[in-house]
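Here the structure is laid out as structure tokens; the discussion comes afterwards.
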Amino acid sequence: MDLRELLEGVKDNNLDIEDALLKLKNLPYEDLGYANIDHHREIRNGYPEVIYCEGKSDEHILGIIEKMNEKGSNILGTRCRKETFDKVKEVYNHAEYEALSKILKIQNHDIVNVGKGKVLVVTGGTSDMSVADEAYYTCKFLGNEVDKIYDVGVAGIHRLLNRIPALQEARVIIAVAGMEGALPSVLGGLVDVPVIAVPTSVGYGANFGGLSALLTMLNSCASGISVVNIDNGFGAGYLAAMINKLK
Amino acid sequence: MDLRELLEGVKDNNLDIEDALLKLKNLPYEDLGYANIDHHREIRNGYPEVIYCEGKSDEHILGIIEKMNEKGSNILGTRCRKETFDKVKEVYNHAEYEALSKILKIQNHDIVNVGKGKVLVVTGGTSDMSVADEAYYTCKFLGNEVDKIYDVGVAGIHRLLNRIPALQEARVIIAVAGMEGALPSVLGGLVDVPVIAVPTSVGYGANFGGLSALLTMLNSCASGISVVNIDNGFGAGYLAAMINKLK
Amino acid sequence: MDLRELLEGVKDNNLDIEDALLKLKNLPYEDLGYANIDHHREIRNGYPEVIYCEGKSDEHILGIIEKMNEKGSNILGTRCRKETFDKVKEVYNHAEYEALSKILKIQNHDIVNVGKGKVLVVTGGTSDMSVADEAYYTCKFLGNEVDKIYDVGVAGIHRLLNRIPALQEARVIIAVAGMEGALPSVLGGLVDVPVIAVPTSVGYGANFGGLSALLTMLNSCASGISVVNIDNGFGAGYLAAMINKLK
Amino acid sequence: MDLRELLEGVKDNNLDIEDALLKLKNLPYEDLGYANIDHHREIRNGYPEVIYCEGKSDEHILGIIEKMNEKGSNILGTRCRKETFDKVKEVYNHAEYEALSKILKIQNHDIVNVGKGKVLVVTGGTSDMSVADEAYYTCKFLGNEVDKIYDVGVAGIHRLLNRIPALQEARVIIAVAGMEGALPSVLGGLVDVPVIAVPTSVGYGANFGGLSALLTMLNSCASGISVVNIDNGFGAGYLAAMINKLK
Amino acid sequence: MDLRELLEGVKDNNLDIEDALLKLKNLPYEDLGYANIDHHREIRNGYPEVIYCEGKSDEHILGIIEKMNEKGSNILGTRCRKETFDKVKEVYNHAEYEALSKILKIQNHDIVNVGKGKVLVVTGGTSDMSVADEAYYTCKFLGNEVDKIYDVGVAGIHRLLNRIPALQEARVIIAVAGMEGALPSVLGGLVDVPVIAVPTSVGYGANFGGLSALLTMLNSCASGISVVNIDNGFGAGYLAAMINKLK
Amino acid sequence: MDLRELLEGVKDNNLDIEDALLKLKNLPYEDLGYANIDHHREIRNGYPEVIYCEGKSDEHILGIIEKMNEKGSNILGTRCRKETFDKVKEVYNHAEYEALSKILKIQNHDIVNVGKGKVLVVTGGTSDMSVADEAYYTCKFLGNEVDKIYDVGVAGIHRLLNRIPALQEARVIIAVAGMEGALPSVLGGLVDVPVIAVPTSVGYGANFGGLSALLTMLNSCASGISVVNIDNGFGAGYLAAMINKLK
Amino acid sequence: MDLRELLEGVKDNNLDIEDALLKLKNLPYEDLGYANIDHHREIRNGYPEVIYCEGKSDEHILGIIEKMNEKGSNILGTRCRKETFDKVKEVYNHAEYEALSKILKIQNHDIVNVGKGKVLVVTGGTSDMSVADEAYYTCKFLGNEVDKIYDVGVAGIHRLLNRIPALQEARVIIAVAGMEGALPSVLGGLVDVPVIAVPTSVGYGANFGGLSALLTMLNSCASGISVVNIDNGFGAGYLAAMINKLK
Amino acid sequence: MDLRELLEGVKDNNLDIEDALLKLKNLPYEDLGYANIDHHREIRNGYPEVIYCEGKSDEHILGIIEKMNEKGSNILGTRCRKETFDKVKEVYNHAEYEALSKILKIQNHDIVNVGKGKVLVVTGGTSDMSVADEAYYTCKFLGNEVDKIYDVGVAGIHRLLNRIPALQEARVIIAVAGMEGALPSVLGGLVDVPVIAVPTSVGYGANFGGLSALLTMLNSCASGISVVNIDNGFGAGYLAAMINKLK
């Protein structure tokens, strides 16, 4: 589409070839040397930018935020250290922080609800909350109505069965569980909507940093389940938003 | 809902307590001793039954088919040995078989298109076809329009870029890849719809039966990707159908 | 106890020192060169001998049976090839064979019921039957009343919930499951008796020969669960018998 | 049973349908938002509640204790940080702490001995004590007579053989071992009661955080052995109590 | 060659046998007890010495530098702690330090450009910079013209496609990537020069310390790719220099 | 370059926009439905096409060969089953087969030597020959002078030291080894040219299908070494050719 | 020593330089192209040659035997297929074969007992016999008095304790065990001589092809134990011979 | 032997049965509750006691030392924290500490040389020193003459070849190496004495805490090599002493 427009510009002599080449190169990304920022993502798909903060220096994070802020984007940062947030807060007074899930938010304009239904975040235990909250806040930030039901793991199945009505109201479910990670399997049999399974590294011994829950989820007998990386609350929240936006 | 109805029946003396208990036990599943068949699934969610044939004896498979056929259901069997199909064919003359993907089909009534958009199955290589076809036939069987683009792996990125229009038309994409399994990552950056990643066990050496592709997909930097089990074409097809059915 | 008796025999000159040394060495085991048979096990704990046939030559298996048969023991062989059984059958006409679980039985005297309650064997799927049957026949052979409920995996939780009365009647439960292996966790929350979890190698892809189910079971949040080796139906049946025999 | 009673209440108009639905939902668990507490467990099976403290914030732990204390339950907390205990102690003056095993206890009423025999905790080495003590205190807390024999690993087999009389007195044995983890195998051959094997992460190099001992125990040739998760002293103590309670 | 010369010396009586034996032993390496320094490497292949600092005490590192400095060599230290550098700096005032990549340099003479083309270092993300810089500085130190393009991972494929001209100018490419590590596969399809793939430990969850990226790279479908150890920027830089020097 | 030409064609009205779009899509690859063939590779980089036969049906392989043969390309097939070759031979009488390395060759025109030096293939043992030969024939096919030295593993170091002159003559070395895989480390210390290490799955026990040799090679202390996938003789041969072609 | 002699030969003009170089290169190994045979091993250390037959073609094995037979060496082949032996037997009528351990022997001269004590081979189970026999025959072939005690695994510890006198007579012990592999640990505590531990792949489920026994042995608490590769009976026999020969 | 003496004592009425039972139980080990000390080891095999300090509290270590000191034994502690040593030093003024290898020594009487030859400790790199020193000091403490050659890894093979005379003088060699761990393979081909291989966790990336070196050593093609646990310098030193003591 854009490519055709550009070609037509070239054909009609409205666009110089050198300019066209330049456009192809420079338009989509702003190169900071250490990072390439994708400014047209928000235009393209209505989603604001997201910065994965882990492994980036404070200086780099601040640099990226500066460029994004110039465009007036809403900004979401995941895995943001408290110390980094404090430095960001000094510059951007309206920045907010969710301590448990380490989410940084800078809201420059209203969030429009683009989801068509409700997203539900469910956890097996209390200890899965930080990952679940990452999914919860990501999904809300991307314009969705989101609910949560926590600590309803399968070892006390009635806790889950008591919530069937709420489960069946959701359009997409995010199931977060550590240890044996069996929650998505049971959920998958109770509902008829997509279940996004998030294994967490919660547990000890032979859980091997979440591998146990990951394998359980991948091997689920239930249909309609797919899996994201261990502790990847962000990925689950983003995917849920994407599914919930489908017309 | 059903529970309330049942309770009201009990209250109004229209339903005997022993009968109510029996109903609760016997309605949903038919117990063959070696298998419990879920007849109300099709009523509940519009999807016919699916039999996972691997590890079941021919005798058991035939027994399950018989019970399901009695109800007039459409029947899908995955991972069905050719020899098993031959035995099924003797009894059910209208049974069909897809040799590459080992899919068994018994169509007892028309398949209604319930999907709201198009599902697209994409593979990295020619060798991923059997898994991709399992997804393709499953998804069609569940009432979807499905297209396929095969052998467009990332090591020849132009093969994929040439197909961008087709990619951007899809409502859900199933990305099937073995070896390094990088296809979903690149796809995820090109489209704004959910990408269901299916790692395959295709490859050799340090691919460790598909582990390599599985890890790649789980660790994808792209957003909107989730993963099913290695070689699980059925699971991907089913999930795609579920997402595509969302109103 | 025996040691004291022996020492007293020595002290009272009723037992020669050389004889005492010999006794200590030779009594408990009969050495066939390739195998040491424990004849006093049946006397000691009421359990007949069990032969693990895998990896033993037919010749060795026949040799061991011969020695045990001489004592009139009941004989159980696990993982017995059909061809081996045929050779055994030629010599011991009353030998029996369970084809699915590969169990060989030679019953030389009545089996006395020594269990104090009922043992229940439960499976997640139809494909777990061979392992479950190994547990079932082992446990019966060791003198227990045993029931079975098959194909009640957690992805269709109502199949399991329908059976709660039967579950709650058992004194020990053996839970056999492959794939995601979540059955024991749910069971553990429904009953208050020991649950012996048996992971099976049933499944494909990232189940890694049963590793997936094994890790799930080890990481179970439910209390009262312990795990035996992958596909080790025999071990589960034996342990169930041992617990069920406790006064 | 309870379900029948409830249904009869409904039938006899002693119980309103809405009330009945409410009862089914709200009775068993108290939902704190971050946790669902199972108050009827103690009524159901005579066992007090247990809180797994790892991964829970002090605030959450205090909240859970508060609700449980209101019911007058005895409370056991495992993997409790010293700092958390100190905060608990400020509020509940009768709280106690076992430093080595990180066990928190709040005893609100006498512990009744419900075990029918003696439970014995055995370790391979001195370094396995913290895990062994977790099993020891859990099992005592659940109403059992418990003994311990520590540092009798198989590399000095006479240390173990010297204790045979004590071993043979036990009704259930918990065998705790790290490094090569061979203790349960030898024990399994010496006694005729269930042996619960607990691998510990004690060791270095190729013990891979307890994997070495775990695999050893799962692969044991001895009969009557089952395994719990690495370092899971609590799970072993709980299961031992459950077996020892069997009538 | 040298051996022949030495033999001729012995034959012509110009060289005593004991001396010859001594020469054979002592010439190539200088033995410090804790380290053997290879002084003739620079003469042999034009490359200065490199010290891998991790796991060596400051004392040992200083000892090795002293011996090398005596010969007037250029000295490169990798994985050098900041504290170690500070101690080195006290003695050798012209020592330099690259903080991100932990590179220590002592330049005692000019670096001669021996490379025949340009080496290009490319990264998938901002977080891969420390490893990429290790490659960059190593390769420069060994006498090469080196460029870098950072943060052009495959999830935003246009970032990479925009740089095709720069990519195609290089004689050797070093591709550094963590997470899914798909960058080298795409690069391998775009260029016709050797691609040295460096997996990094950047990521979380199922990336298992870089294993994910490592397996991806080893299983690449693209031709002309080879892999060095996880985070081994030095190794990649050294190999690139070696290839670039080929006449 | 090509893109500019195409753009100029569009600008000068020599090229219709629709045609330009078509060209961009259809030129480089010929789509057979199950495979996309890259015909311009030979023009682009002087290398003929290579077919990885494993996992492809005979029908697909024949289809691909047919299309490539039409263009008069030289054709190399790796991992080709003998039965497949026999079918190919029926159609293409001049097809050749290397049984040990399972290489299929159809030479339609002379192979031009494009390498600038000699490539040397070295193996640790006799059993590594099939992988080494795959490298050898691939590299020759791509226009290189190739030598081989087999069975000179490090456990008999003099076998290797005796060949130093031959080793030092090579411009690129391919080192193939299974079991402990230490050959490349020693080689890397003896020569100053790139060493491409190929781990093989030769061995037993704890070699885990080549993992042992793979890890050894990745962890090599020697400089100038990089690694390809287990048993990937083709990849090593191709890379060696690419390096040897560098001007 | 030899080097000095050679140097003296050169000095005294008894040895030409070119000859000396040739000698250094050609003496020790005979190069068959696919194999380098070490003829001087027998002279050097009194041990005959050993051929590892796995992965070698019959043609290559026969070629190696021919060259060794010419020198009149005793020849040992391990992992020799029965079919290979049959071909060898046709040419060398005095060749012998041990079917269980797949050992091929061609005895061309008497075996001299060079061991200073007795070597003892002990196994945990009957199924470990093939590996144990490989150790047994290797060690005898290398000139040692060897005894065996089979099926004395630790799950029936008295079988082992009954044999203490025999155990304490040995100068070196080879302990062969699969499954949990705990035999060497117990042995190590009973004797004061070196114990060579050989893990076997005997077992199933979580033994992972012998990994379980391997880890057990590596993590043994007992002193004086070292480990060889899984199923490596040959390696254990060879090492035992080497230790037993020590003066 | 001792058993016979005891039996004779009983027979001759020199020993009361109760006393005999007591002797059997209490003689060999002194039970401190948390530890069983083996006092008769020194009498039995001439070796003093060794305490593995890791995972033991200071209090327990001091308790064990006290009991051993009472008997006048020489005492060796491995993996001893500096802080622990300081506390020990306060009580036992003649205690000594080797900081690099964390060895604690309390010498209460002269060490007698019981070794029959020389033990040699060789390392691949400087970073392997701490493990190598643990072997060195253990072996000396057990009465052996020990030499060391450090930093002679295979990537610079001449460093090793220069030391052949020293290597060939040793009766037992301990080869310590991290990273690729190839040192023992090369050594095994150069000498005819037992080589004890010690993998170290030195390295990074895909060395996986020493797994890489461990697998290399287990898969060595060289004969006469066996392996101890990763970083287990003590185990290697003890085994070397045991072999060197063999008459």
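To keep things simple, chains are lettered A, B, C, D, E, F, G and H as they appear, and every chain counts its residues starting from 1.
One rule holds for everything that comes next: contacts are C-beta pairs under 8 Å (C-beta built on N, C-alpha and C of every residue); 3 or more make two chains touch, one makes a residue touch a chain.
This structure is a prediction, so every number in the text was calculated from the model and none was measured.
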Next on the checklist: Among C-H, F-H or D-H, which pair gives essentially the same interface as E-H, with more than half of the residue-number contact pairs in common?
Outcome noted: D-H
Checklist entry - Where are there more C-beta contacts: B-F or D-G? => result D-G
Checklist entry - Cα centroid separation between subunit B and subunit G, in whole Å? => result 53
Item to check | Centre distance in Å when subunit B and subunit C are each reduced to the mean of their C-alpha atoms | outcome: 38
Item to check | Distance from the mean Cα position of subunit D to that of subunit C, given in whole angstrom | outcome: 26
Next on the checklist: Just the number, please: Cα centre separation of subunit A and subunit G in whole Å.
Outcome noted: 58
Checklist entry - In subunit H, what residues contact two or more other chains? => result 125, 156, 158, 205-208, 211, 214, 218-219, 223, 229-230
Checklist entry - Name the touching chain pairs, would you? => result A-B, A-C, A-D, A-E, A-F, B-C, B-D, B-E, B-F, C-D, C-G, C-H, D-G, D-H, E-F, E-G, E-H, F-G, F-H, G-H
Next on the checklist: Applying the document's contact rule, which stretches of subunit H touch subunit F when the two form their complex?
Outcome noted: 124-125, 153-158, 161, 179-182, 185-186, 188-190, 203, 205-208, 211-213, 215-223
Checklist outcome for this item: In the complex, subunit G touches subunit C at residues 125-127, 129, 150-152, 156, 158-159, 162, 202, 204-207
Checklist outcome for this item: The residues of subunit D that touch subunit B in their complex are 3-4, 7-8, 10-11, 13, 17, 20-21
Next on the checklist: Residue numbers of subunit C touching subunit G in their complex, please.
Outcome noted: 24-26, 28-29, 31, 33-36, 38, 54-56, 60, 199, 201, 209-211, 214, 229-232
Next on the checklist: Under the definition above, what is the set of subunit D residues touching subunit C in their complex?
Outcome noted: 44-45, 50, 116-117, 171, 192-194, 196, 214, 218-219, 223-230, 235-236, 238-239, 242-243, 246-247
